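Dropping the structure in here first, questions after.
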C-alpha cells in the first residue's frame, strides 16, 4: 500500500488585490506527521492555512487530501475532507459555554443533544489529558483556557489533518508542553498536524519544516537535517547581521518617568500588579514578555487612555492623575501603540492628515478656522522623505499602506511630538529586516536627543540591541529588571515563561 | 456543468470599485428602476412615457414648478445634511425626524414669546431658535450615548416619538392651540416672522438659500476645519482619535449638536417658509427621508443637495402626474423606494466582480 | 354663450376610504348624474392632500383647465394665498378651521346634527344600560355638532342617559377605534355612535351601533341600528349654481364670508335605519323616530347647533 | 352582562375638572370596577398581538445579527396582501397565510440586499418601509379602483377556550381571544425554546455574536441569517394580518401606524430576550389600552402623556441597564470572510 500524503498542495496562489500572499506554493503533509510552517510575519502562513480550510479561495492551485482532489469552497468542505483548524485569533463566542462553543454547528436535526455532546467533550478531554469545564462561560476563561477550547473544538470535529496557527502564542510554557504531548498522541493515532509557530524551540520538535518567504515556498526540509540558524536564514533570506549593540546611553539625566505601584484589574483579573520603575533621560528601558502579560495595559495607563486602580506615575516630575491622552501628550510624551491600525492611524485619512492626528487643533496646523493645507502637505512631504515612507504622496490614504510604512507614519508623528518621553509598544512587530533596522536607528537617535524611551518588544533582539535595562513582565507583574550587559537571552526567556525561581537561584 | 462554472468563475468583492464600475453600476440601477416603475405605471393603466413626461413637467416644466421642487427640496437638504454630518462620524442619528420637530417648536416658542418686532429681528430669532431646538434635542441623545451608553439608534428613535406627543400636548387644547380652533395647530404666525419670498410667482423662500449656505458650510467644515477632520476620523477610527487625545465624548455631542441644528432648520423653513403655522403635518416625515437623501448623496453635501432636489422633484411632479394621468400619488412612494433599492443594490454591486479562476 | 362643461377638482384631505371622503364622492356622483344646468361635469380627485394643500391647489389652478377647486376641509391658508392670483377660478373650502374670505373663495359647512338628534332619540330609547357612547376622531366643530345633538336626543327621551365620548386622535384608524369601542362597552355603553367607522367590535359584542357619513348597514348588518348620511348635494349644487350665475351673467364671484350650510329640510342629510333592525324596533320607537324626523324636516322643531367639545359624564 | 354604572356624582359634570379635580374618587372607584379592569386587560392582550408577533420575529432576526428596520413595511404589506387574498379567496386563513408569505418575501428581498450585497441595514430597512407604504396604498387603489369604500370582509371571531374562558377575570382576558392571539402568545415560549434549547437556536445566536465561529464550523452564516430574517418577515406579515383580517376586517392605507417601529423598540427594551420582550409588549399595550379607557370614563389626563410614557420608560430603563449589554455583539455588521 503506497502511502498517500494526507495533504498535498500543488501550485497554490492567492492574491489580495495586487498583493500575492501565496505564490505557487506546493507542499505535502504525510499521515501522522508534525509539519511546521515557518516564516516571518506576513509571509503568508495564515493565508495558506485559510486556503486549506476553505476560508479563502485560492486563485490557482490544487489541493488533494489522501490522494483525492478536493475543492474547498467553505470550511464545510474542509471539515468533510477531514481538515480542522485552530485559528491564529480566537473564534469563540464569549457568552456561550465551553460546551456550546464546541458543539455549535455540529450534529444534525433540531435537537441539541447537550448530554451527548458533553459526554463526547469529556471523553476527548480525558483521552488527551486536557482540563476543561464544559459548563463555564468562555468569556470567564483565561486566554490559555480559551485556546484549549479551540483545540478541543477541532478535535471534536474528528479531523485527520489539524492546522494549528500559532496555538502556543497565548499558552504558558507549561501549557505549550502539554500541547506538544497532545500532538504526540495525535500523531500516534495517525493524525497529521500542520503547525505554525514563530518559536524555534517548538519548530525543532517537528518532523519537517516548510519555510515561506514573502508568499513563496523557500523549501521543505527534514528538521533533523537542519539547525535553527539554517531555518532562520531560509526565512529571512540572509544571515542576521549581529545586532549592533548601542554603545553608550543609560541614565544620562534624571528620571523622566517614574512609575509607582501601578495596579489595575480588568474583568476580575489583575492585569497590572504593583508595577514600579523609573526611566531616565536618554535611556531606553526595555520591557520583555509574551504579549498579553500586561504590557498593553501598562501602556494604556501611561498614555492616559486608562486610569490605574492604584498607584501613580509622573512625567518629568509632574504627577499624572486621572488624566486623558491629551493631558499626557501635552507633557511631551509620544506613544507608539502596538496595534497600529486600531490605535495609531485613521485608515481613511491621508498620510498628511494622520501626521497631525491629535494636534489638529493646534495653532501650528491652522490658518484661521481652517486647517493649514499647505502646511500639512509640506509636513507630509518632509515625513515621507525623512522616514522613507513608500507612498504615492502625502495625500495617500493610510489604510492602503503596508504595515511597515504605516508604522513609519506613526513614528514620524510620535517622534515629532515626544520631547521628553516616548512610549513604544511593539514598534517592530510585523516589520521586515530593513524596516526594523530603520526603527532601531530612529530610536537611538531619539535617545541621543535626550528623550526617555520605554520600549516593549517580543523580540529579544530588539531589546538587547537598544536597551540599557530590561524589565520582564509576567502575568501583570514586573518580575525583575535586569541590566542588559549582565543578562542573557536565556535568562530573560525563562523569566518570560514565569520561572522566577530559576533566576532567584 | 454548474460545478464547472462555479470553479472557473467566481464573484468576489473588490477592495475599491473603479469609477467606471460605479458609473456602470449606477446606470444599470437607474435603468432597472425606470423599467420597474414603468411596469407599475402600465399596471396602473397609464402610459409610462406620458407619466414620466408629466412627472418631469410637474417638477421642472415651468418656473413655478421648479420653484416648488426647490421648496420641497429645502427641508430635505437640511435633514440630508444632518444625516450626512452624523453618518460621516459613524454616529447613527436616526432622530432627525424628532429634531425637525424640536427645531420648529423651539423657534415657534421663541418667536411666539417675542412679540411684535420687525422682520429683521424676528427672522434671526426663528432661525436661531431652530438651530437651538434641533441641536439641543439631538445633544440629548448624544448625552445619553456618552454618559449612559444608550445606543443612539435607539434613543433617537424613542425621542422621535416623544416629541410628537409633546407637540400634540401643546397644540391640542394646550397653550399653543389656535384660539377657537379644534385642529392640532397653532394660529398663523406673525407675517414679519415669515421667511421672505425669493422669486415672484413661486413659493421659493429664503430657506432654500439657507439650505444651500448650510450645504456649503457643511462642506467647508468637513473638508477644511479641524472639526471636520475629527468627524471624518471618527467615521473611520474613533479609537485612534481617542488614543491620540481627542475627547471623543465631547466630539459625539458636538456632532449631534451640529446634526440636530441642521435638522432643526428644516422645521423652521417648513413652519416659517411654507405653512406659516406650527402643526405636526408641516414637519413630519422629513427626518426619515433625509436619511435616504444622505445615503443617495453619498454622504457628500453636494450629493445631498442633488438627491434632495431629485426627491423634491419626485414629490412635486407627482401631483401633476396624478392629475394628468390619474396614477395614484401613493405610487410615488413606491417609485422612491424602488429607485432607492436599485440605487443601493447597484452601488453595492459595483463592489463585486466576476473573476476567472483556474486550477493548474 | 352658456358653458356646457364644468371641470371640478376634488381635493380630499384623506384617502377615499375615509367615510367623510366617501360621502363627498358619492354626493358628487349624484350631482354629476343630475347634470345641473345641463352641464357635463368632470371631477378629478387628489387624495391625502391635507398638509400639501397649497401645492395641489396651485398645480390644479395652473393647468388652467379647472373651473372649481373643491376642497373638503380647512384649506383656508392655501386658498387665501391663491384666490387673488386666479380670480376666474372658484375655490371652495369646507367645515371648521376656515374663515370667510369672500370673493372667489366659497365656504360650505356640513351639519348633520338634525338626523343625529333623531338617532340620539333612538339610542335613548333602545339603551338598557342608560349609557350611550360616541367614538369620534378629533373634537372639531363639524363632528362635535353631531355628537352633541346625538346625546341631546338621547337625553331628551331618556333623562337617565349618561354619555361617554372618546376621541381617537386620528381621522381614520379602525384598529384604534375598535379598541375605543371595547373600552366604552366596558364602561357600560350599549349604544355607540361610531364617528370613526369601525364596527367589528359592535358586531362581535352585539350592541347597537350608529354609523355616520354613509349608510353603514351593509358594513355591519347585525349591529348597525341606523346611520346619519351626510349629503353634500345641496352644497355642491349651490356652488355649481353660483358658478353658473357668474359665468352666464359675466359678473364676479362674490362669496359670503359666513359659511353656507343646509338643513335637513334642504336635503343635506338622511337618517337610514338598518332594515334588519327596523323589523325589531318597537312600534313606539318607530313612531317617535318618524315624528321626530317629520317635525325637523317640516321646520316645526329646531335643533340647536352646539359645537362645544363634548365630555364624558 | 354589563353592569350598570351608578357613579358619576353631579359635581363631576359641573365644571371642567383639572387633573387633580373634584370628582376624582368616584371616577377612580368606577375605574376599579371589574368589568373595566377586565376590558383594559383584554384590550391589552389584543393590542399586544400584532406587536408581539412582529417583535418575536425581529428578535430572532436580530439575534442572528441583522437589524430589520423594514418591519413596518413588511407588516403593512402583510396586512394588505392578507386582506386582498382573504377578500379574493373568501377564506381568512388564506389571507393569513398570504400575509405571512408576503412578509417573508419582502424579508427575502431585504436579506438579499443586506446579507448578500451587504448594503447598510438601516437604510435598506427605510427603503423597504417606503416600498410597503407606497405599494400597499397603490395596489389597494388598483384592486378596488375608485369605489372609495373598500369591501369589508368577515373577520376572525373570538375562540373562547372551553372551561378556561369561564374562569372569573382571567377567563375573558386570556381565554376569549382570537386564534392569532393565542398563536402570538404561544410563540413566546416557542421562540425561547428555539433560541435556547435547539441546535438551530445555538446557531442563530452564534451568528449574531460571532459569525466567524459559525463559519469555521462549516455552517453558512448567510443561510442562517437569511432564515432568521425571513422568519422575522413572516412573523411581521402575520402581525399585519392580525390588523387587517384579524381585527379590522379591511385594509386602510398606512394602517400599521408605526407598530413596526414599536416592535423594534420593544425588542430593544426587552433586551433581546423572549420573555422580557413579552413584558415590554404588555407594558406598551397596557398604556395604550389604558389611555382609551380613561377617556371613556372621563379622567382628564392628557392621553399624550400616557402614550409617551413607554418611550420615556424605555430610555430610562436603557440608561440604567446600559443598552447594548445584551445585544448580539455583531448586530448590524455584515459578515464577510476576507
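Order of writing sets the chain letters: A, B, C and D. Residues in each chain are counted from 1.
One rule holds in what follows: contacts are C-beta pairs under 8 Å (C-beta built on N, C-alpha and C of every residue); 3 or more make two chains touch, one makes a residue touch a chain.
The UniProt protein names, listed by chain, are A = ABC transporter ATP-binding protein; B, D = ABC transporter permease.
Just so we're clear, the structure is a prediction, and the values are computed from it rather than from any experiment.
*Asks:* If you average the Cα atoms per chain, which one ends up farthest from chain A?
*Replies:* Comparing chain centres, C lies farthest from chain A.
*Asks:* Just how far, in Å, is the C-alpha centre of chain C from the one of chain A?
*Replies:* Taking the mean C-alpha position of each chain, the two centres sit 77 Å apart.
*Asks:* How many angstrom lie between the CA centroids of chain C and chain D (ABC transporter permease), rounded to a whole number?
*Replies:* Their C-alpha centroids are separated by 34 Å.
*Asks:* In whole angstrom, how far does the Cα centroid of chain B (ABC transporter permease) sit from the Cα centroid of chain D (ABC transporter permease)?
*Replies:* Going by mean C-alpha positions, chain B (ABC transporter permease) sits 28 Å from chain D (ABC transporter permease).
*Asks:* Whole-Å distance, chain A centre to chain D (ABC transporter permease) centre, using C-alpha means?
*Replies:* 48
*Asks:* I need the residues of chain C touching at least two other chains; which ones are they?
*Replies:* Expected reply: 48, 169.
*Asks:* Residues of chain B (ABC transporter permease) touching 2+ other chains?
*Replies:* Answer for chain B (ABC transporter permease), listing residues that touch two or more other chains: 168, 172, 328, 330.
*Asks:* Scan chain A for residues touching two or more other chains and write them down.
*Replies:* Where chain A meets two or more other chains at a single residue, that happens at 16.
*Asks:* Throw together a list of every chain pair that touches.
*Replies:* Contact pairs between chains: A-B, A-D, B-C, B-D, C-D.
*Asks:* Which residues, counting only chain A, touch chain D (ABC transporter permease) once they are in their complex?
*Replies:* So the residues of chain A touching chain D (ABC transporter permease) come out as 16, 53-56, 74-80, 85, 87, 91-96, 100-101, 103-112, 157.
*Asks:* Which of the residues in chain B (ABC transporter permease) end up touching chain C in this complex?
*Replies:* Interface residues on chain B (ABC transporter permease), with respect to chain C: 58, 62, 64, 68, 71-72, 168, 172-173, 181-184, 188, 203, 274-277, 279, 281-282, 284, 316, 319-320, 322-324, 326, 328-330.
*Asks:* Mind listing the chain B (ABC transporter permease) positions that touch chain A in their complex?
*Replies:* 3, 6-7, 10, 12, 15, 220, 224-226, 229-230, 232-233, 235-237, 239-247, 357-360
*Asks:* Please name which positions on chain C make contact with chain B (ABC transporter permease) in the complex.
*Replies:* 9, 44, 46-48, 50-52, 54-56, 58-60, 62-63, 74, 77, 96-97, 138-141, 144, 169, 309
*Asks:* Sort out for me which residues of chain D (ABC transporter permease) touch chain A in the complex.
*Replies:* So the residues of chain D (ABC transporter permease) touching chain A come out as 197-203, 205-206, 209-210, 212-220, 329, 337-338.
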